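First chain written, first letter: the chains are A, B, C and D, and each begins at residue 1.
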Amino acid sequence: MSSTWGNQLKLSIFGESHGKGIGVVLDGLPAGQSIDQDELLVQMARRAPGRDATSTARKESDFPEILSGLYQNTTTGTPLSAIIHNSDTHSKDYADLNSHPRPGHADYTGNVRYSGHNDYRGGGHFSGRLTAPLTFAGAVCRQILARRGVSIGAHLLAAGNATDTPFDPMGMPDHVLSALAASPFPTLTRDAEQAMRQQIENARLDGDSVGGIVECMATGLPIGIGSPMFGGVENRMASLLFGIPAVKGLEFGEGFGAAALRGSTNNDAYVYEGVRVRTATNHHGGILGGITSGMPLVFRVAFKPTPSIFKEQRTVDLEAHAEVPLTIHGRHDPCVAVRAVPVVESAAAVALLDLFLEAYGYEFR
Amino acid sequence: MSSTWGNQLKLSIFGESHGKGIGVVLDGLPAGQSIDQDELLVQMARRAPGRDATSTARKESDFPEILSGLYQNTTTGTPLSAIIHNSDTHSKDYADLNSHPRPGHADYTGNVRYSGHNDYRGGGHFSGRLTAPLTFAGAVCRQILARRGVSIGAHLLAAGNATDTPFDPMGMPDHVLSALAASPFPTLTRDAEQAMRQQIENARLDGDSVGGIVECMATGLPIGIGSPMFGGVENRMASLLFGIPAVKGLEFGEGFGAAALRGSTNNDAYVYEGVRVRTATNHHGGILGGITSGMPLVFRVAFKPTPSIFKEQRTVDLEAHAEVPLTIHGRHDPCVAVRAVPVVESAAAVALLDLFLEAYGYEFR
Amino acid sequence: MSSTWGNQLKLSIFGESHGKGIGVVLDGLPAGQSIDQDELLVQMARRAPGRDATSTARKESDFPEILSGLYQNTTTGTPLSAIIHNSDTHSKDYADLNSHPRPGHADYTGNVRYSGHNDYRGGGHFSGRLTAPLTFAGAVCRQILARRGVSIGAHLLAAGNATDTPFDPMGMPDHVLSALAASPFPTLTRDAEQAMRQQIENARLDGDSVGGIVECMATGLPIGIGSPMFGGVENRMASLLFGIPAVKGLEFGEGFGAAALRGSTNNDAYVYEGVRVRTATNHHGGILGGITSGMPLVFRVAFKPTPSIFKEQRTVDLEAHAEVPLTIHGRHDPCVAVRAVPVVESAAAVALLDLFLEAYGYEFR
Amino acid sequence: MSSTWGNQLKLSIFGESHGKGIGVVLDGLPAGQSIDQDELLVQMARRAPGRDATSTARKESDFPEILSGLYQNTTTGTPLSAIIHNSDTHSKDYADLNSHPRPGHADYTGNVRYSGHNDYRGGGHFSGRLTAPLTFAGAVCRQILARRGVSIGAHLLAAGNATDTPFDPMGMPDHVLSALAASPFPTLTRDAEQAMRQQIENARLDGDSVGGIVECMATGLPIGIGSPMFGGVENRMASLLFGIPAVKGLEFGEGFGAAALRGSTNNDAYVYEGVRVRTATNHHGGILGGITSGMPLVFRVAFKPTPSIFKEQRTVDLEAHAEVPLTIHGRHDPCVAVRAVPVVESAAAVALLDLFLEAYGYEFR
């Protein structure tokens, strides 16, 4: 299977970009959790296209219809499901893609994997549109985590060659995380926003695209969540985060930068803050041995440039067995990382709630 | 749970560094696969300490005793298990660590996670020694994959600030991968080896350590293995690779570097090579949409510097509730990435065989 | 979690009896399987209420809307999802049940399990209505299995004290299985049908209910599907079949009757039928050591009497902390086993397809 | 895979009857649980052969060597593993069985499943000997459950045509369960013991065998453990219990008997016992909607007669493609159900602890 994830909390995502609808089932949510439905829509809106000049002009009716699992605005504890009906699809834009696979897309690998039977229209189940139900699931989970003091926020750390100031790994105040969430282009500094917008706009004008990096933080986590080896926080988050289309890299704490450090720099000394143990620095990114340390969880996700570009590319005609030029039409974000910011947060929320349930059981309130 | 992994092929790793023994169960191997036991020992030896001046002087009797699953040197199809008895343990070296957690280690988080009951001696179940059974499992799986044309190899891409030439993503010849496997310090160039050895030796002389990056490649993979979303090759490999101690980052293909690229550069054009479709370049690292493209699988794993250093560090005394200095004794590699090279390959082999079984079933031969 | 099942084929069922809708996701279906949608409706109709005098007068609009996973009447290989909108619900019939739990139902245990937050209306997620999406899933899977020569059929073996002739364990012809599938009251003999109808009608007139036994057979299975210990055909089928409401027992082959037999009777001798090995008798019910023998798979499922009866019963008032009488209103089958016949077949189909996928992989056609 | 089981508590069993050893890994045990190792041996001894005249004369050195997971007699929380070395094997007794499959055994299905590569000696991984590590795992889990007030006991309800008095479903006192555990032939009445022994002895003298039924009870369970649909207590227990060799049926509460009852009899009225809700009767066997009701959990497991009998049987010669007579030698219990009593309890203990962990998390003490 492909689109079912989780241990105590099972996430099942379904749908194809140009089919009747897409949706999600969350099985294993604790019962009795009040859910603010307006806030769910706020999170959905953050991911929706058309919110900002850098995103596609498509209008998706991303309104999720909740079918089950919520009664009187409270989780029932049985599976919560929601569907989003598709509309505003332009399937003819994609008509030739099954025989002319787009470079950088899953058209060709999907064609082989499914022997040509996958619904290739708009990318089908591979489409970035499938991040909408994931964002919905994350929006539910983050409300449950917030009640336990966990805040999750992210920003665009890089787009093309332009970069933002990184998060302070010792923690970011909630009001900053909230301000980022309210922004259609979430960066810590205005200069970074301008530089990144310029990179993206330049690419767009060239009929091209750029990649980006999303940095995410979760604060307020208890100490002792997660397990060694394959049950670690990193393993669980990675198994979910690599499910977001276009993700090519993931690092925690210092990440790849740690390779160039010495242990005396990278090790974080333990200190007492009153009766509480914490580390004096946070190179480890909040996880040691797969287990939360109580310090902020810090990770970064690398997104490749949008593969759908408008420049002419080379591909093959699988029917004619010939190499052919390809020009892609349609509407595509020149930098998928921008709208991916709330998606990354959502994936983190789902993974963390699953880990909470493993630690505390479904009896936790 | 922590140490059970897999879908069609279940891997279960057990043991603590200073307990009676460590071991592994592989449940779901296809039957009738002949296994060369000498070759298993060759792979185990690659990971074993004491093979090179850069590694710890400890001598581990890493000889795995196979208890089941192999009959007349052929897999039976029922669980293959092996144990490695522990010896040469110096538990007194670790006597104070439960109350004086070592910075950068899992001593503190493990203590909280297991309420002080975990076997902290030598790191217990968090120890790098647990990579021995993982290497054994990988050694079994890579023989099965090799018979299907899959070669797996890795090298040390970076140690501290010194770096090796990256793999050619279009593929490395088998004889180069074999030569790397035969080397105690696997780099592509002698200059890189010397520079890295210098970095490591300098750190060692300072009582310090350095991090590193392992780059791994698998060639000969069929097209169409893996699934979209959470069933992708990246997801499965990540959920296993982050189980190797000290791993802090993972990237596929261009990885984090893709963030700074434009789509027109990062996209890999499709071309015909005779009747076979391939890509003209391999920025995607052999995976598109979670599915193998038939191009070489390329990924890099970042290792933090060994947290056990001999310089004095600051920690806390959990019993006295005081901040105290800590000096670590014992025997520790100044750069864990060196011996991690075969471990990364092994994790890749296990993950790929699991994905093969999902694609072809246990009836595959 | 509660309602997610499977290994290679993941089944996720969601919904509550009186919520907006119920549905199902099937993740992991092989691609390229043509599906006859009319035949899906035929199977759904077999389970639907109101088909026969013995069933409730409720009319459910059991029309499944397929949202994804099917393109041009062929499976895409990505998750197939379907929803059934709820209607004709009489929630006021159930208004008091949360504080006055119905004996034999999950009202009380559900209330404790979900701290009073579960949607208790009409039984919520515990309702027999949730067998509709399971039947839909089975209807999809049985078409895929049928193309590989597997036929699945069932009959009502007992209702109250009346019993039907058991299946011949050496196999039943396809036309008999088909005739049973076409009957609203599937028994092998007309006498049995009459006796059972009498039992059910008598119970109904008394405001009471009766239990029943469904016997199911699958023919045409290959030899060698399934695994020893926990991967056995029985284990997998049991883990799904006990998910059907009101199931209290399950047996394979001779089942409980084998306890009174001697080995010399119960053992099935091997014989040659041409070049093919089979057993001369089929006491083992088609499974030995968890693995199919190629003989017909035979199993029986015991259903308790419908807990919703119209006779006055004793229960407690959880708010007043008092024992109180209870009279149930609404519309309820006096014998759930009748409509459970296609549900049992469906569960078998889902479990068997999952086992096929494990054996042959998703590459099987 | 075949021999890995569980959700929060992962059980992995390995080994073959005549290989080097067998063993078990339990991953996910809560930390800090003191374990009485002598009591583990007491439970192992209950299952061991040679304890009673009805069992095989084989002497197995069932002494489990604990390799990890226990430190200072307390669970560490990381995987607990134990191995049992094989000895006293008479492999030549089985020499011909791979080509002359024994009726009622898995020889033939195993041969097909594993393409002739499974270790067929002594039944290999299909052997009843694999219940030793399961019993060990159960012995660990039952100590943890006992500390929370859960008692588990079982008796032989039937052997051949002789039957014991059933358990009182309203509960059995702990001293009765303890007395049964201390008996090599656990029945509630002496008459039953004599009648059953007679049945077994008669069968043995005839070179034959008989089946049996084990009835098991767990008392002291909290209300609200388990989940609807596929997460039910029955589903989880069934998926484990059908892994015990020779099991052909499983029923909860009234089980198959419920089919003949009316709802007015089978429904259990709710009453108050002080401030506590319970049912006035216990036809439901302690589970409603998959969830514990707080009443005793009652279930019965049907065992087929030992397939290894000494009477001449008919089988095939797979090499000569001929039908041939078969006479089995070696040492075999004439009724496997006798020694299965502690195995059934053990499986119940493992399944219940897994369900507890799902409810309360690994943080439960």
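Keep in mind that, in the parts below, contacts are C-beta pairs under 8 Å (C-beta built on N, C-alpha and C of every residue); 3 or more make two chains touch, one makes a residue touch a chain.
From a predicted model like this one, the values you see are computed outputs, not experimental measurements.
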Pair exhibiting more inter-chain C-beta contacts, A-D or C-D: C-D
Chain pair repeating B-D, as identified from A-C, B-C or A-B when over half of the contact pairs by residue number coincide: A-C
Whole-Å gap separating chain C and chain D, where each centre is the average of the chain's CA atoms: 26
Inter-chain centre distance, chain A versus chain D - centres from mean C-alpha coordinates, in Å: 45
Two or more partner chains touched - positions in chain A: 1-4, 8, 13, 78, 113, 125, 224, 228
Residue ranges of chain C touching chain B (in the complex, touch as defined): 7-8, 78, 224, 228, 357-364
Residues on chain D engaged by chain B in the complex (per definition of touch): 1-4, 6, 8-10, 12-16, 19-23, 25, 27-28, 31-32, 65-69, 71, 74-81, 83, 113-119, 124-125, 365
Chain D - residues contacting chain C, complex: 1-5, 11, 13, 101, 103-106, 108-110, 112-113, 125-126, 130, 158-161, 203, 206, 208-213, 223-232, 234-236, 238-240, 242-243, 245, 247-256, 258-272, 275, 277, 279-280, 283-285, 287-293, 300, 302-309, 311, 313-316, 318, 321-323, 337
